[in-house]
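The following blocks contain the structures, represented as structure tokens.
Consider the two complexes below, in which subunit A is the common component and subunit B and subunit C are the respective partners.
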Partner chain A sequence: MDYSSSSPKGSLGPNERAALMSNIKQQLDVAHAQELLQQVSEKCFKMCIQKPGSSLSSSEQKCLTYCMDRFFDAANIVSKAYGQRLQKELANAR
Partner chain B sequence: MSMSDDPEMQQILAKQELFENIKRIQKICWDKCMSDGVDSYLSSRQEKCLENCADRFVDAIVIGTSRINQRIAGGSH
Partner chain C sequence: MEKLIESDPELARFVAEMEQSSRMKKTAEKLTLECWDLCVTNPNVSRFDGKTESCLVNCVERFIDSSTFIVKAFSSRAQQTLSSSSDFADSEMIYDDKFSMSELPKAEPEQKSSFKFW
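Then we have the complex of A and B:
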């Protein structure tokens, strides 16, 4: 993507800037999703697969499914608690 | 206006920092609170543990920050 096509060298026109911002935000969202996926895979593998067999047993499969769902439940609880606490700390700091 | 002064960029960086913090807390609190395993729902013990864990983690950061600041203010000795 050419970000500098219609502006002086070293600066961005408003259209290019908007496009760049949008691109950055999108890439960050993708990166975040990938990081979360890595984390949930690791945690749930540790929890559910004690002895890797030649295939996934049905109890392992069930555990993994529960684990992935519970992981996102947990993430919601943690984000909410963190957000509330952050607001409280910022309010105290004033 | 350079990128570092741009309020939209500031917002992006703040969101990134928030994500990193939540990711860190999630990692630690999952280990602490979910050691008894998963089911089709989170137990109330697990939910409470996760809430407390996030809160206590922020306590740790707040205390750590103030101690570091005290050391910096007191000079090095």
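Then we have the complex of A and C:
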């Protein structure tokens, strides 16, 4: 359907709309990833760097690597559980 | 932008969906942080043990139970007080917020990347 001809002046054509939507989505994804990264840094710094030395030791680097992977694991476990719970609530509400 | 959304139902629907999915992601993020603190004692491992995993799941479940419980307790308290004053008129809003869960579109949990939860 051609929106541009039927809609009032100043509104979007289908291509413009699609571009705007994917732009918005992309920006949200980037913001979300940045948020996540910041949270990982915070948590893993706290857990892996107990006594900050003159440089990042190899054991600290190893801990950070593991910690990052585990944080993503935790995030996935949590959102899966949250999603399933929402689905359940949703089914009960109907 | 406001005007654009007003005059474009498809865009409006899209924006509403995005807002909802952002809200859910925010909640999942917040839960991750809380439950991480409660459940993960040692992240320096190549795999979580079963205990940690079930702790994370339980943490989510109990968090939702708790907030549902609080909402119910609060609203029944508000009901009691309502007859005497209208101070608790706001409780209606909280109740609505909570149960707007029932209006969620079917969220399909997707797991293709670590960065996308929904």
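Convention: the second predicted complex is superposed on the first by the 84 of 94 C-alpha atoms of A that agree within 3 Å, B and C clash if a C-alpha of one lies under 4 Å from a C-alpha of the other, contacts with A are read in each partner's own complex, and residues count from 1 in each chain.
By definition in this document, a residue touches a chain if its C-beta (ideal position, glycine included) is under 8 Å from a C-beta of that chain, and two chains touch if they have at least 3 such contacts.
If you're wondering where the values come from, they're calculated on a predicted model, not measured in any experiment.
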Worksheet item: In the superposed arrangement, does A:93 touch subunit B (first), subunit C (second), both or neither?
Response: second
Practice prompt. Please indicate which partner A:24 is in contact with in the superposed arrangement: first for subunit B, second for subunit C, both, or neither.
Written response: both
Worksheet item: Between subunit B (first) and subunit C (second), which does A:78 come into contact with in this model arrangement: first, second, both, or neither?
Response: both
Worksheet item: Of the partners subunit B and subunit C, which touch A:39 in the superposed model: first, second, both, neither?
Response: both
Worksheet item: With the two structures laid over each other on chain A, which partner does A:67 touch: subunit B (first), subunit C (second), both, or neither?
Response: both
Worksheet item: Can you list the residues of subunit A that meet both subunit B and subunit C?
Response: 21, 24-25, 28, 32, 35-36, 39, 43, 47, 63, 66-67, 70-71, 73-75, 77-79, 81-82, 85-86, 89
Worksheet item: Can you list the subunit A residues touching subunit B in their complex?
Response: 21, 24-25, 28, 32, 35-36, 39, 43, 47, 63, 66-67, 69-71, 73-75, 77-79, 81-82, 85-86, 89
Discussion item. If we count contacts the way the header does, which residues on subunit B are in touch with subunit A in the complex?
Written reply: 8-9, 12, 15-16, 19, 21-23, 25-27, 29-31, 33-34, 37-42, 46-47, 50-51, 53-55, 57-58, 62
Worksheet, complete the sentence: Within their complex, subunit C touches subunit A through residues 3-4, 7-8, 10-11, 14-15, 18, 22, 24-25, 27-29, 31-33, 35-36, 39-40, 42-46, 48, 53, 56-57, 59-61, 64, 99, 101-102, 104, 106-107, 109, 111, 114-118
Worksheet item: Which part of subunit A faces subunit C closely enough to touch in the complex?
Response: 3, 7-8, 10-12, 17, 20-21, 24-25, 28-29, 32-33, 35-36, 39, 43-44, 47-48, 62-63, 66-67, 70-87, 89-90, 93-94
